[in-house]
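I'd like to ask you about the structure that follows.
We just call them A, B, C and D in the order they show up, numbering each chain from 1.
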Amino acid sequence: FLNLYGKNLALAWPDSEVENIRDPSIEIVVKTKRSYVLAGNEWKKDPTKVNVGKVEIGGKKVVVAAGPCAVESEEQTETVAREVKKAGASLLRGGAYKPRTSPYSFQGLGEEGLKILKKASEQTGLPVVSEILDARDRDAFARYVDMVQIGARNSQNFTLLREMGKLGKPVLLKRGLGNTVEELIQSAEYILMEGNGNVVLCERGIRTFEKSTRFTLDIGGMVAGKLMTHLPFCADPSHPAGKRELVHSLALASVAAGADMLLIEVHPKPEVALSDSEQQLTPESFSLLMERVRGLASVLGRSA
Amino acid sequence: FLNLYGKNLALAWPDSEVENIRDPSIEIVVKTKRSYVLAGNEWKKDPTKVNVGKVEIGGKKVVVAAGPCAVESEEQTETVAREVKKAGASLLRGGAYKPRTSPYSFQGLGEEGLKILKKASEQTGLPVVSEILDARDRDAFARYVDMVQIGARNSQNFTLLREMGKLGKPVLLKRGLGNTVEELIQSAEYILMEGNGNVVLCERGIRTFEKSTRFTLDIGGMVAGKLMTHLPFCADPSHPAGKRELVHSLALASVAAGADMLLIEVHPKPEVALSDSEQQLTPESFSLLMERVRGLASVLGRSA
Amino acid sequence: FLNLYGKNLALAWPDSEVENIRDPSIEIVVKTKRSYVLAGNEWKKDPTKVNVGKVEIGGKKVVVAAGPCAVESEEQTETVAREVKKAGASLLRGGAYKPRTSPYSFQGLGEEGLKILKKASEQTGLPVVSEILDARDRDAFARYVDMVQIGARNSQNFTLLREMGKLGKPVLLKRGLGNTVEELIQSAEYILMEGNGNVVLCERGIRTFEKSTRFTLDIGGMVAGKLMTHLPFCADPSHPAGKRELVHSLALASVAAGADMLLIEVHPKPEVALSDSEQQLTPESFSLLMERVRGLASVLGRSA
Amino acid sequence: FLNLYGKNLALAWPDSEVENIRDPSIEIVVKTKRSYVLAGNEWKKDPTKVNVGKVEIGGKKVVVAAGPCAVESEEQTETVAREVKKAGASLLRGGAYKPRTSPYSFQGLGEEGLKILKKASEQTGLPVVSEILDARDRDAFARYVDMVQIGARNSQNFTLLREMGKLGKPVLLKRGLGNTVEELIQSAEYILMEGNGNVVLCERGIRTFEKSTRFTLDIGGMVAGKLMTHLPFCADPSHPAGKRELVHSLALASVAAGADMLLIEVHPKPEVALSDSEQQLTPESFSLLMERVRGLASVLGRSA
């Protein structure tokens, strides 16, 4: 029994006795043969809109979240925040806890980083998106962050998914490097089951044999996914690109394919960034990208 | 020694003695450490434009080739040709020799199919693109076809590549299911080496673990490829989609990412098509797609 | 500063001042250009042997861990434990906390399952291997389990990796579906950094386009991995097989390629199993497999 | 209507009228729902044995074909032939026509190379396996070669497949880099349809994201394939390894998994080889491998 999108639901397994539920306020969701129900669009046809502060994701406007790969200092973060706000971003992204393949790479500033993001958010009015690695940090995220990101490496960390379901904050859920789109939607189901329907799915590239890009942005998977779920989709062109020169084209392609949100890495001086220095845009380049996204959105009947 | 793009070239291996060539009309192309030279953009910075009849590929206009997966009859082909012409296509595509994974699938009408295409071409003025499987059919292709397609399964059939280099007709070269973008460019090198510089590369999806689409359209690979070669790029959204519902989004994404050409399967009655019935568009849907492509192209500073 | 394999180590970054360390008991491990050090075999040439109770992994004997995919009941578990012990297994495996792609699949018996495993272990003398999903269950695992498994989906859950490093129990670390072998070794580095050197790496199949098996067992990756690390390697043929008929061949191939350990799913009645019913062996089939493994090991200069 | 394995067959499509065929010498093969029939094992349960000269592939003995990647000279080829014969190889492999990704790589000696192989074959009594790239070379192959190899890049070159079906020589058919095992079997169907049943399938590694090996040897796919077809399977451990150090382990794994044949690259001086110098074995290393293969085969109830 849970309440989702304003409805009272009873999740019923096909073999359960649900016929004698007589409470008229309860809408029964019968489990289909699919391995997910709540995240699927059989019972809920209308696209879900996720609100982060005053920002609506999944509506007419293509929402852009931008900011540094990693929060490195107050000055760096506030500079970027001002710049991306000016260029038209709606959300500030930044990593405080960084999941790094190697333990010898920069691991982020931790809670200190979240506080810096919060301060930059207060200065600019941009709500903050940041990645959580450990459910034990939930209180800090509850305090400083507006939308919690679950990264690709934790896309099937079911413990963390359930905890973020309970936390109740909007969640940006990334697809795992080796996961299908259907598995991504099943991971979202873990969050929805806890009564948290504010989930945005994020395509960020999968592992393939191709070597000219870091990951293969699966735009087709995103488009196919939109036919399977009512949840909005974000695209992250920065990580699969791996090279600055490719980010604009992948961002525009994602919007043309129907992405509701973009996640873009921007750094005041990418060449000295402590992580992902190859793929972060300068504020100038980001500003130009926003112009191009707005142009594109306009012919698609959207805004940006 | 060959002539390409109006220049006399001497292909020189680094260890060859080329210093004493005294003919001033010869521009020497020194082999770099890359495994391709002619198809690369170190010696030729300007994008190559490939002319098929009066149609220019690689210029301002996004060129659309459309038509049935397989030529089935005169009536079917002529109907489609008229419809796609009306909707704004620039080229007529259609398969006469079909490469089928199973020998029990429809193999195409062969030379009869080429004649049907030629007739439809004469009626509409649209030049014809069709796939060749066997170099021994070169005379028929020379007679009836304006642009020869080398399919994904023959992308590293070096015998066929060299023969198409010698034939001299414009070539649409598809990427193999398991090939990198760099390998696609190396395959083009085989054609260019024979003095035929009229090659358009085609991204048509690669094999990955994702199952919601038939192949994974590698838009990032295409964008990365455009930084490596002067040749124009085509995108084929029909084959990776595998489902009609996805074709529009993938086509728009390809154009937004910079594709110079689109290859779209259109059938008057997709539900009775002898091949690929799941992914061919109706003429109505194609017409709508053309409108959307034109809208998109306009904000990108192109036309369609 | 940590103690590993009986040595005092100082992990020194190349730019650190370590020259003036004068303590003769400290062996300095200089960070190489690789993104891992402790798990690499530049500083430690001899293969590591991991002890789980009296069982040694990485020595002459090919160690086999066998048992049900999921612990379903005391009777089921004890039956399997007796059978696999009789057939020659050295360790009892069984899942109490099950990571399931869909929240509607059987999630395991939890701590109750661990207690059942412990009881079966006491009856047979076989140490227990079981998967942990949530660091908060560490006390239960400390009490009931002899070797803690980190599953494929948590292979880059760095929080869990660090916690298992601190727990100090031997760890069976599985490769993620979308991770390279090098990334697997980097994940192990997180555990070693906490002073826990008892890590066995496990190849369990990766995601590829091939559909005749559930995952592609990357035996080449395991062999290449053995040249990169001093840690022992386990192979799990059950999960990539996805079909009972393939398990024997993949197990034998793994041993022939040099696996130090095998992880095999065995169920008294696979056809009624609550999970992975397609790929679990019957006790009879497992017994036959053990005979074949012993035969193979003997010609390879090993035992089983 | 064709004769295969000593049977007269009528290939009947399900919708054809075959009921009134009254010729008792004809065995009717009804097309099943599978996309291949002749290569499948529904109608032919017993494993097929392919004879190349006096060598039987698919029987008790694990057949080893060995020799240089490319024929470079008479001396090189004859040296290798003598050495591999002495070590226990049954077939001599060597490339005369080399399919190279880049046109600037060594392309082989062509027909001259075939003659060198033939001479080495006459000296040693080892039948020759060599790759064909162009159906127009069929006469040379008919004269000099005992088993024709179709390489990975031509695995779906249906023109070449049909021609090799007509040529009638035994065929070693390699799996394409991006092809499923089922597609490999469908490619074999093209050869069998022409009445040539002497086909050996070859697993040689597929394209995946893993980078520590050149390709991923799909041993699971080979094992699954053996359940789908009556044709024998060869494994090529040299190409996926890409590194000499891995070849032994992958060869042994393949035999343990049930390979009927191995294809091993051996060069008298690998370090100066004109192609694949990284992965060719020395004659000494090959001799050791043969010993290990024989040991392994003996415990599997086979010989080598």
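One rule holds in what follows: contacts are C-beta pairs under 8 Å (C-beta built on N, C-alpha and C of every residue); 3 or more make two chains touch, one makes a residue touch a chain.
Please read these numbers as outputs of a predicted model, since none were measured by experiment.
In this entry, chain C maps onto chain D through a rotation of 180 degrees when their C-alpha atoms are superposed, rounded to the nearest 5. Farthest from chain C in terms of Cα centroid separation is B.
Spacing of chain C relative to chain D, judged by their CA centroids, is 36 angstrom.
Per-chain Cα centroids separate chain A from chain D by 48 Å.
Per-chain CA centroids place chain A at a distance of 33 Å from chain C.
Taken residue by residue, chain C touches two or more other chains at 178, 206-209, whereas all remaining positions touch fewer. The touching residues of chain B, when paired with chain C in their complex, are 207-209.
Those residues of chain D that touch chain C in the shared complex are 178, 180-182, 205-206, 208-213, 215-221, 223-225, 227-228, 240-241, 243, 245-246, 249-250, 252-258, 295-296, 298-300. Against chain A, in their complex, chain C makes its touches with residues 13, 31, 35-37, 99-105, 133-134, 136, 153-154, 156-159, 176-179, 183, 186-187, 189-190, 193, 206-207.
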